[in-house]
Amino acid sequence: MNRAPAPGNMSKMQAAQQEMEAVSDMYNKMVETCFKKCVGAKHSESDLNSAEETCLDRCVEKYVEAHNKVGQVMAGTR
Amino acid sequence: MAFAGGMSMDDQRAFNALLEQMQISDSLKMYNRLVERCFNDCVNDFSSNGLSRKENPCITRCVEKYLKSTQRTGAKFSEVQAAQQAAAGR
Amino acid sequence: MAFAGGMSMDDQRAFNALLEQMQISDSLKMYNRLVERCFNDCVNDFSSNGLSRKENPCITRCVEKYLKSTQRTGAKFSEVQAAQQAAAGR
Amino acid sequence: MNRAPAPGNMSKMQAAQQEMEAVSDMYNKMVETCFKKCVGAKHSESDLNSAEETCLDRCVEKYVEAHNKVGQVMAGTR
Amino acid sequence: MAFAGGMSMDDQRAFNALLEQMQISDSLKMYNRLVERCFNDCVNDFSSNGLSRKENPCITRCVEKYLKSTQRTGAKFSEVQAAQQAAAGR
Amino acid sequence: MNRAPAPGNMSKMQAAQQEMEAVSDMYNKMVETCFKKCVGAKHSESDLNSAEETCLDRCVEKYVEAHNKVGQVMAGTR
């Protein structure tokens, strides 16, 4: 009577974990990159101004677009 | 998210525990990155002890700005992901 | 590699599963680093939406160049490692 | 007869592990940051001079102070 | 540290094994960071093979300086932590 | 009848895992470092030119040499 998860389920969980770690890693890199590109290192204000907000929104959109594009190039389907 | 589809109850429970652990570990690392960034941006003078009267409020503003920035980035990311999934037809 | 020497069959099987998992996780992280690098190098204008006509091909070239570069680096690294092991006499 | 750790203990161990990993991650970032700020990239000497030593000591103190301050700001108690 | 408080003997043993593993993994990563930093700071000329007569001693000095720096930083960190815990009254 | 791996084997597997992770971490840092030093951030071409190829080869050789040298210095046998 083996109570351990069946191999199929085990790998399903591991695959889910790896997918989540990959999304989280991608997200963290995006946050850092967009903060650096849009907000900079001055910190004379504690609020984002509207130029920074627009920049952050576009940065996220472009980052996801770039992420998808890299996959296409790697798959040779550019 | 559709990650946990097709799992047994036991596996889902284990998966949720794992998920929770990852979130804690993620937020601890985020905290450390935040400290590193704001220290780097705000503290450059080591001629005296303790955070100076210029460095102290700089760190406060940096943290507040960073948190607002993460919030905005996260909201936009969810929006873009939802639009993508809608476009992919599921 | 000589890593798995002296293990039981069961342990070797577990080790291979672990190895496979590490490789998947490694290649996912590599993908993310590649995106980060090419985005950093190619995308610097946020005055309009979507990747521009300059940014788009820059990313393509960056990815292709990075992949060729990793291939070359990997091949050279294997060569150097083999030479070292031959010199160490095993 | 379940020999696995009780759930409470399990999470105690995981919490301890996560706290240790967080401290270690913080420590490693501090070492890198203070080395860059105080020692630089020249390496014409193999010893730290006394200015670099003083700088490192103050950098550690300030880093820990900043670490605590970030927690206060995040908790809204600034 | 007060981390392991309130654990059974079995758990403490498992915890110590985990601790040891983390320390090994940490020191391996530190080694790799040290190589990366000193290579970055000392090696910038790729017009010929092998480390040059300038690069070689630069790496030696960089490693020695980095190790002294980590030692000093670690000692100071322990001191600051101890002072904090004394101030917090435990 | 304990089916878990014997402690000796367990640590053999963990040691193998840690060695692999260390090699992989070193390799990834080398790839990044040599790409930055030899290829740069322009990306006007999608092929490596021969100067970049030679540079990458030498960079790998030097990186491994530096890796070994750091070990020698740390062991006090310089």
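For clarity, chains are labelled A, B, C, D, E and F in written order, and residue numbers in each chain start from 1.
Definition applied: a contact is a pair of C-beta atoms (placed from the backbone, for glycine too) under 8 Å apart; a residue touches a chain by one contact, two chains touch by 3 or more.
Note that this is a predicted model, so its numbers are computed, not measured.
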*Using the touch definition from the top, list the chains contacting both subunit B and subunit F.*
none
*Could you give the fewest steps needed to travel from subunit B to subunit D through chains in contact?*
1
*Measuring between mean CA coordinates, which chain is farthest from subunit B?*
F
_Counting C-beta pairs in contact, which chain pair has more, A-B or E-F?_
A-B
*Taking CA centroids for every chain, report which one is farthest away from subunit E.*
A
*asked:* More than half of C-F's contact pairs recur, by residue number, in one of E-F, B-D or A-B. Which one?
replied: A-B
*How many angstrom between the C-alpha centroids of subunit E and subunit B?*
25
*Could you please state the distance in Å, as a whole number, between where the Cα atoms of subunit A are centred and where those of subunit C are centred?*
18
*Multi-partner residues of subunit C (at least 2 other chains)*: 29, 33, 38, 40, 42, 60, 64
_Where in subunit A do residues touch two or more of the other chains?_
21, 38, 59, 61
*asked:* Touch as defined at the top gives a ring of chains. Read it off for me starting with subunit E, then subunit F, then onward.
replied: E, F, C, A, B, D
*Of all residues in subunit A, those that touch subunit B in their complex*: 5, 9, 12-13, 16-17, 19-21, 24, 27-28, 30-32, 34-35, 38-39, 41-48, 52-53, 56-57, 59-61, 64
*Could you please specify the touching residues of subunit B with respect to subunit D in the complex?*
21, 24-25, 28-29, 31-36, 38-40, 42-44, 46, 48-51, 55-56, 59-60, 63-64, 67
*Which bits of subunit B are touching subunit A when the two form their complex?*
3-4, 6-8, 10-11, 14-15, 18-19, 22, 26, 29-30, 33, 37-38, 40-42, 58, 60-62, 64-66, 68-70, 72-74, 76-77, 80-81, 84
*Mind listing the subunit A positions that touch subunit C in their complex?*
14, 18, 21-22, 25-26, 29, 33, 37-38, 54-55, 58-59, 61-63, 65-67, 69-71, 73-74, 78
